[in-house]
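Each of the next two complexes has subunit A plus one more chain, namely subunit B in the first and subunit C in the second.
On to the complex of A and B.
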């Protein structure tokens, strides 16, 4: 009897150790991160305020109203501040991103990889995440960031059309929410660090970080702080995602 | 002949007036000749300077389209293009194979944006033969990560030869990349266009662009002169078209901006493999050519406006002349001079004025052009692109100049015609009775 008890105890200990060592399905975590930021059939509206600091320059601020329809991979960004840029905007139709300047009344071609005005934020930062679609998991490790136990996923781009060829994504272990993203160049140099501060806004059941900090690792001292406000997931009229919306939105 | 002699004598009687009238005609023609001379050299100078900047007169680019619809400019294998060039008989002085990117150079908090061309310094002679250094030199390019930049960029970044700086760029497929360069040499300020270009070893540029060592983006043929460029371009296009898929050059050439037309062609098409763009410097400079045409048209308009004003002056002056000589005309008519001879006398005076003024105008224009050509504006001048080695140059077309002189002569004759006819119609008795 004693022997049986000992055997059971050993087996349970082994199971406990195995459970402790067992790693989660990281591909599923990536999918959950993507799903959490994908509003699907809901439309997403928010105000993004970006303050950019550069060495030797006064901080510059820009405020955008963001409209997203993830179901059709569409977005519109309308600049509200500063006044001299008010009315400028970005519109994604199919695979094209257009920049509208109300002063000239003209659209110029932009890309999803371009920075929003003079900030560290790119057009692609404001669209839904596509980590699981664009990257394969190259390496995983555990770590700690502040108060959070984390998984650190090293992701490698599946194609050479993805902006960064390598990303190190630090994800909370308790919830599939990213805390830090480090973007690397093709030559494997750290180019940008994005910190997703753990204060969240609940938007239609999805948790979005209310504050994001983007640090330029090449141009030292350059960084952008992004605050997300006035989030709604109410249905938007189709006309919002058409060119004449930007023209009329003066 | 007698009429011509009389006309000369009449003109010499009022030297000041003749000088002023002839001077007005000379001034008008001088202005027009200067504009024409400038416009004539404008396109040639821009073409030659651009040929140096673009390293060629005839170009080819390979374009691939990815599954996601993005276009990549890349020549992976140039054997087809070189065979086509051979068949087209392009007399290339240099063949350039350029890889380049727009990069953001970063050094100690300073940044500068410029185009960095990859050059094979071991085999290519086009650029090394033209480079002049203010500091450092080609020796520094033995470092694989060497870079040659212009003085304004060096000053902006606060760098000197030996300093190492970072460069941010996008690979040929648009991915973010970062490289490191060591400043090998600093060239003197080459002017507004040249200062935006830097040169690095092609092998390293290719690595940063994430393309193979033998691959590049633009093939260029540098001709001995601008002559025959379009003909060779057409022959090259035909030869490439016989071997591979090409963008429609004939359709692109019909557009105001052929290069943009080429770009637009690709947007609405899908293709597998490589499709080639063949173009010439003239296609790149199509809009500049329009500026030259506008200048030439403007000169004709200026000629007409100036001579409209001068014509009024000539008409009034000849009316005064007729009034002054009214008794003289009466006397000449009384002793047998015919009406046609009186009219011809006035017209001869006008013709002598026109031709004399035109000759003087051409001479003064020639002197002004010679004087301006001697002024060295320097290679760093913002006007660099329209200058030849820092100097203004002028090119006059003999036909255009002859046309301008004919226009001047015709307009002067028309201006003098009315007073001349009036003088011819004078009744000799009335003329003799007239008291001034």
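On to the complex of A and C.
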């Protein structure tokens, strides 16, 4: 009897160990996250509403129309609100991001790392995800966030072209969708936390988070709420991704 | 007293080694104090003269702010607070003009911008002083033109300092040329603004210092727009309750469960135009009445504190949320850096003084113990305790006077030597300390007297304990020692 019990116990332990070892392919998860947010040959159009709150100030709101052509890694953001910034825009051509001010009719060079106006959102947040290209997986662990079982991936940047050198990405275990991103500086200081709410828009078969919250971890009390609206994946004219599109929008 | 002085000289000569040790310490103290104070005074005077003469005038008037405000804007954590414009500007300026103590006034808007050539990704930083050339150059003749010219009244343009141009060439990858259109990008609460302006001139500051390196001048309207001092810019842009709720929600409450919505379910509150639609932006012109600061030159610069106090009383009476102050507040971090260096120097001197007192006290204790017999004999012959105290005091003061003078001579020689060497400031900190590119230390007579008094006080403090020991010994016992 004792021998049978011991055999069962050993067998169960072996099964438990095997189950523990059966971790998913995290590199594949990262690729799936990127693929889910890559519209490929489709063009992506949406309206982004960003509300930013800062201590001692009234919240400010900005509305952008976002046009993306992920196939060529291009984007255009056109500011619709507030009125004083209406017509200003960002355009990514090759590796350069240009900011356009219709009042002066001039462009100024920006970068993918810069913030969108006075918000916590960066230009890089609105382009297609490239986690699998830009980062290596340094560590993985399991966790829980609200109702979701999660994987927490610690990613280290391969290049200095990205906004942050280290990211802790919390991903749902049931679907390759990020729920939380913690961005760290080179000195390992937490700079920003981004929460991707699990309310999704089905855009051309891809699940896009409809609401995102960005928290500035350096300037306490500063945070932005981003809502994604009016999503379409219809083909856009090529001219949208050219400088004169912003100029013509006047 | 001449009798005591004679005794003092005799005793000092009899104990040459110990007198020399104490004397060298005192002389060294005087050298450190005089040379150190000379550095501090040179730096403080240099910064003061540079700022009053070139940037701040005698009086600096700005809007009241929670944190300190200087010519370079509001000092706030992370530099995110914007500088408010001077309230009731016209009324304030009219009051200043009517004040008989005021010789002349000018005004300024301070802004920041990224400077780049047209269609180029090369960018450099600039601090912009937005000025009215008509009044500014009347008050401050702080520059000489290297190339091009200064701004004309009403002209739109940019004037860069020679150091700034060299800095762009070295670090930003472009070298602006006079006549070239440059793109200025400013960031304020109203978002980014771009202006294209011609580079009118390249200047050199008469007094080059760390402060001047990054200052550039532009017409005030350009700086107003880049800084967000515009008219008709604040429209009602309501924030949805949904966004407010999202901002207020805690992390855990946001991850209750999944929901998927159809693409068309979420609509923008006011649908925006499509790619080809028009987005005619409202043109927001500069607020021509908005200035950040007013600066005034006084007929008698020494009256600045009095005039500032009277102005502040007037502001309070009129309910104007403004403040008048002197050059130091206007110079902000640059004046503060001198104060910090001065505090560090004073603390170091205090530590050196304590160490010197201990060493001198030790030397004097040995000296006094050696002279216990002599003191006992004097006491036995009827000398009062007060006489012995006076004798030691005169001895101490004599040595302090002799070696104090030696110290002053050495200090003057050191300062003269340093002045002749034309030592160049090789880093920003030294530029502040030297108040310019090269070191030209000067001696303030008051600081020499102060140094001598301090050293004498240190010597007197050091002799008190040994004398107290000497006077505790009974005369008969003291004579037995002899």
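Going forward, the second predicted complex is superposed on the first by the 230 of 250 C-alpha atoms of A that agree within 3 Å, B and C clash if a C-alpha of one lies under 4 Å from a C-alpha of the other, contacts with A are read in each partner's own complex, and residues count from 1 in each chain.
Just so it is clear, a residue touches a chain if its C-beta (ideal position, glycine included) is under 8 Å from a C-beta of that chain, and two chains touch if they have at least 3 such contacts.
Every value quoted in this text rests on a predicted model; they were computed, and no experiment measured them.
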Item to complete: Could you classify subunit B and subunit C on subunit A, in the superposed arrangement, as clash or fit?
Response: clash
Discussion item. Going by the contact rule set out at the top, does A:232 touch subunit B (first), subunit C (second), both, or neither?
Written reply: second
Item to complete: Would you sort A:164 into first (subunit B), second (subunit C), both or neither based on which partner it touches?
Response: first
Item to complete: Name the contact category of A:220: first (subunit B only), second (subunit C only), both, or neither.
Response: first
Discussion item. Tell me the contact category for A:183 with respect to subunit B and subunit C: first, second, both or neither.
Written reply: first
Discussion item. For A:191, using the defined touch cut-off, is the partner it touches subunit B, subunit C, both, or neither? Pick first, second, both or neither.
Written reply: first
Item to complete: Between subunit B and subunit C, point out the one touching more subunit A residues.
Response: C
Worksheet entry | subunit B versus subunit C as contact partner of A:80, first or second or both or neither | second
Worksheet item: In the superposed arrangement, does A:146 touch subunit B (first), subunit C (second), both or neither?
Response: second
Fill in: Colliding region between subunit C and subunit B, picked from 25-33, 115-123, 169-177 or 187-195 after the shared-chain fit
187-195
Worksheet item: If you lay the two complexes on top of each other, which residues of subunit A touch subunit B in one and subunit C in the other?
Response: 218-219
Discussion item. Touching residues of subunit A toward subunit B in the complex: what are they?
Written reply: 55-56, 95, 111, 113, 157, 159-165, 183, 185-187, 189, 191, 218-221
Worksheet item: Once bound in the complex, which stretches of subunit C touch subunit A?
Response: 77-78, 80, 114, 116, 118-123, 183, 185, 187, 189-196, 225, 230, 232-235, 237-240, 242-244, 246-247, 249, 251-263, 265-273, 275-284
Item to complete: Mind listing the subunit B positions that touch subunit A in their complex?
Response: 66, 68-70, 106, 109, 111, 166, 168, 170-171, 173-179, 208, 210
Fill in: Residue ranges of subunit A in contact with subunit C within the complex
47, 49, 51, 53-54, 59-63, 65, 67, 78-88, 96, 99-109, 117-118, 145-148, 179-180, 195, 197-203, 207, 210-211, 213, 218-219, 223, 225, 227-232, 236-237, 239-240, 245, 248-250
